[in-house]
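Following this line, the structures themselves.
Paired with subunit B in one complex and with subunit C in the other, subunit A is shared by the two complexes that follow.
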Partner chain A sequence: MTTPAWLLEREAGLCPCGCIGKRRKGSFVEKTLNGSAGLLRQVMFSDDLAHRPGLLQRIDPRAKVIGFLALLVAVSFVHSPWMLLACYLATLVLAGISGLPVVFFIKRVWLFIPIFTGIVVLPATLSLVTPGEVVLTLWHWNGHAQGFTAQGLRAAALLILRVAGSVSLVVLLTLTTPWARLLAGLRGLGVPKMFILVIGMAYRYLFHLLTSVMDMYEARKARTIGKQAHDRTARRFVAATAGALIGKSHYLAEEVHQAMTARGFRGDSKVLKSFRFGTVEVAWFAGVAVAAALALGGDSLLVR
Partner chain B sequence: MSADPLLVCENLSFSYLDKFPALDDVSLEVRSGERLALLGANGCGKSTLLKVLDGLVFPGTGRYFAFGQEITEDALEDEQMNEAFRGRVGFVFQNSDAQVFSPNVAEEIAFGPLQLGLSREETTQRVTDVLAMLGISGLADRTPFQLSGGQKKKVAIASVLAMNPEVLLFDEPTAALDPRTQMWLIELMAQLAEAGKTIVHATHDLDALDRIADRCLVFGEDHRIAGVGTPSQILASRDLLLEVNLVHEHTPLPSPRARSLPHGHLEGL
Partner chain C sequence: MHIPDGYLSPQTCGVAFAIAVPTLAVAARKVKRVVKTRHVPTLALFSAVSFLVMMFNIPIPDGTTAHAVGGAVVAIVLGPWAAMISVSVALLFQALLFGDGGVLAYGANVLNIAIVMPVVAYGVYKLISGRAELTSARRVVAAAVAGYVSLTTAAVLTGIELGIQPDLFHDASGTPLYSPYHLAQTIPAMLLAHLLVAGVAEAALTAGVILYLQRANLPLLQVNHPGIDVEATTERRRFRPIVVAGIAVGIMTLLTPLGLLAPGGAFGEDAPEDLNLGSLGLSAVPEGLNRYAGFWQHAIFSGYKLGGETHPWVGYVLSAVIGIVVVGVVVFLIGKAVEAFSRRDTLEKV
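Let's look at the complex of A and B:
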């Protein structure tokens, strides 16, 4: 084996005059991948939370799914913003009792609401969409003040609070139930086991493939000098990564199937965990019934 | 070790997509209680042979018998035959990520026994026992992406051991493991062999060969068997190992003194 001469020479390093190059912000791809890595860390953290000793963590996942479903329905029938606010505060109390860091819980819930709900309800707050008493004038049209109306703001607050309450309930369920137990709980409620198996595996391998994508991107980044182009080269890289990932996924899927076959899988999956309803679950159902009754009863008094 | 052959391959040939040969006229016997090492360079067909032995792929030509029964795709369609065969042969894949597919470790280990029809109580007991045996009881509720490479390998082994198979197939078990986990695995394989398990494994690890194998089968790059012998005989055949591209001409082969050192006493090396 002969080593080429260029391989024996040292490449120029930093400029000897000590000048510093231009700094550039990370690309969209880099930000997305960093976000993905963050998501991975968050999921691991969430799984630790689900194993903490707390009120909601002790309840059978089937009971939890049914209970939270009932609470979601109750929240969707509440029409008073004050009652919705009370429901939201109650979820914060539940989060605290279950050992969840309340600030993390609030951030988790409010991360999506301004993006998904705020943008949707924003036009409804304007007098153009919801006519009524203008509380903040933005412009005049034909001598009439136009802007945010009290009716529009009330409707927006109602929707945002309802979404916040509902999302909080779902986040409470997912943060206090390990993924495996949640799937087993759904299985216990009669969701077809093949469906559960497919979801479970999709979730498991999503993270595996995410790691592969991050590895590929980091391998490219390690060999990229200077500015990363956002042109045809970048698009080619994304296309090549997607292609390589499809190939990898296909190979992995084949191996996973072989690994399942090797252990006796013949299309009918069985799970280990079996659940039993006990005193805790009875107390939980009673609590859910009382909470739903209070929310609906209080709401009817407030909106009267 | 008894002389009964448990697994018998007669003139096996296998090609991927009918284009890329992986096995060419391979015949072998695996006897009960034997530890057989499959040696060969990358891509010589070791992993394919293990998959044939586990009834996951089927040879294009030739025949394969396990426990006196011919193993074919058709034969494994039979529910009883499938259950009996899968229960007696366990396969630890090289890629633990492919093998650890369940949402958590306990469910992963329980998968095989439950598929074989064991009750939940018995399966739970087996899961507890195997976790304790491999020293990974603390991982029971972990999800696969929270495990390191070594931990995933342990879980993969536990998931196969829980089925209590008679024959264990390992595909490059020590690959990509740190030295400590490698040594742990070698000792586990020795322990399993002492317990009467038949072990067939594909490996490149020549240093531990005489501790994990009674007999070696060397594959050539032409996908044929190039040599058979005891670990000492194979390690003494430098020409054979060079011919099959398993070692480089400058690779020092393990000395008999180093190989004869007992477990955990490597200071003298």
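Let's look at the complex of A and C:
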């Protein structure tokens, strides 16, 4: 099931040319609503993807979690920017083989963190922060050339490529594994049952509570005439919404608990165990080992 | 404040996990004992709440918005142990589903945001609110301070973790392998952003939620405040403002010798002969400075050295007392004068 696109569109019903009139946008209520709608769409779409046939989708979730963790550690030990670039390209190939839309995958990775990271590391490329040999002179200060340094640029490239590689690996794991199977995999790896239960239930009720937040915002919007204020009343409304949300969830938790005990819950739960280790998993581990060895071996050659 | 993968070395991540995992295990045991079989739905729902609270954008007076973590709210309503688990699970969602915060860095993020923050928030809240009744304004103030202090603490901790990276992990040419900023850069950056923006948002949210619960949902507040009166029942002994002010001034007077521990003098307050001329690129004390430096030679307790060289702190305390008396008398006289003038003004107008 996917949420229809028209439902998630902003300013539904208004002429896009703006000839009917413009609605003020950019209020914090608007932003939060859009954020939640985007969140719903993203998560629902990625669960669709995880059910498609593909290379990574076939692997046992336990094996996948271990394998990806190993790859993450390997990436964090790589010290050469070229090797990191190769690792990142390898994740793209893996995404392609697994039937993920590669453009969507790249967007998903580069949308959030690496761009943000880029802004964060920009000052580190300057000689003010990272002293070293100046490659591109921007200005002079007390007779010394100041600008981008070789060390600074190298450090920035290392950081951005490492973040991109790591985020790609995590996104690859979550996009190819349905949430329920991922949790079962974590349980199989020895994460305490209580945590798995809490995580699973929190995921379910996240959407429920999100809907009630959206309802509260929508109701306020419907009651508001004129432009939405961005002041003390707005802050009071946000705090009241958060407070009401806490109250609602506390009440809901009581009800859910009663429903659970009525159905025989005694603090214990059963997890479906239909996983097995077969040739696919053995091949996967072999592949992970080869990839990690290549990355670390090639890295030590390049760095030397 | 969520550290992504790649900013921290695997060694740092390992240390963070080594602290976070046992702490969460203790938290799980504590929560299980307190709320019995009810813990699963309660924690699950509060995890969802803390995830959603992290999505709330709070309008800040300058026209921008910032989001709060909400760890302080959950810690006050449910206690620090439950808050640890709720916020950790919310962080897991963010790391796995939205790429906000890393998987290897998950231990570090849990340590900063899910462990240190609720503990600090709860401690500060308890300290300030004391045994005040549930509907008192003191609890709202306590919540605001708790949110502000705890978020800033978590931010400083994040700054420290990021700042130690370049010194510990760099290659032969000195290029940092992970986060490139030093402590001297990360801590001010984190402090500034969180003291001015995010801390204010957290304080506003925490205080606002407590205020709302006082007004609309007292039973929820009572969950984690057993044995505390809802309303003030008996008139409690109140300190008069003058007594409080007197105690504060007294403590400050006794603490003045702390200044002796500080090395060096205040900038721009050196005597001319103490100036480090070499570092300033000067060959002699500037003429004007030399001429006017000794202009006022009639200070009674020059350099606060009343107690002689053997007991410098006696001199400090005595100087402080005399200073307070002198300043107090002057302020009192000015106040009297202003009062007299304004009375004459009003009389004339009438």
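Brief remarks follow.
The rule is short, and it goes like this: the second predicted complex is superposed on the first by the 273 of 304 C-alpha atoms of A that agree within 3 Å, B and C clash if a C-alpha of one lies under 4 Å from a C-alpha of the other, contacts with A are read in each partner's own complex, and residues count from 1 in each chain.
In this section, contacts are C-beta pairs under 8 Å (C-beta built on N, C-alpha and C of every residue); 3 or more make two chains touch, one makes a residue touch a chain.
Since this is a predicted model, take the numbers as computed values, not measurements.
Counting residues of subunit A touched by each partner, subunit B versus subunit C, the larger count belongs to C.
Touch criterion met: A:154 reaches subunit C, while subunit B stays clear of it. By the touch criterion defined above, A:104 reaches neither subunit B nor subunit C. In the superposition on chain A, A:245 makes contact with subunit C only, not with subunit B. In the overlay built on the shared chain, the residue A:171 is in contact with subunit C alone; subunit B does not reach it. In the superposed pair of complexes, A:192 makes contact with subunit C only, with no contact to subunit B.
Once the two complexes are overlaid on the shared chain, A:285 sits clear of subunit B and of subunit C alike. When both complexes are overlaid on chain A, the residue A:264 reaches subunit B alone and has no touch with subunit C. Judged by the touch definition given at the top, the superposed model places A:256 against both subunit B and subunit C. Within subunit A, the residues touching subunit B in one complex and subunit C in the other are 43, 200-201, 203-205, 208, 252, 256, 260-261, 265-266. Remark: subunit C residues 4-7, 9-10, 13, 25, 28, 32, 36-49, 51-53, 55-59, 63, 65, 70, 73, 77, 85, 89-90, 92-93, 95-100, 102-104, 171, 173-181, 185, 204-205, 207-209, 211-213, 216-217, 220, 223 touch subunit A in the complex.
Taken in their complex, subunit B has these residues touching subunit A: 51, 54, 56, 79, 82-83, 86-87, 89-91, 93, 95, 97-99, 101-104, 106-107, 110-112, 114-116, 120, 123-124, 127, 141, 143-146, 159-160, 163. Considering their complex, residues 28, 31-32, 35-36, 39, 42-43, 46, 69, 72-73, 76-77, 79, 108-109, 112-113, 117, 121, 124, 129-130, 132, 151-152, 154-156, 158-159, 162-163, 165-167, 170-171, 173-174, 182, 192, 194-195, 197-206, 208-210, 213, 230-231, 234-236, 238-247, 249-250, 252-254, 256-257, 260-261, 265-267, 303 of subunit A touch subunit C.
Subunit A makes touch with subunit B in their complex at residues 40, 43-44, 47, 51, 178-180, 183, 200-201, 203-205, 207-208, 211, 252, 255-256, 258-266, 270-274.
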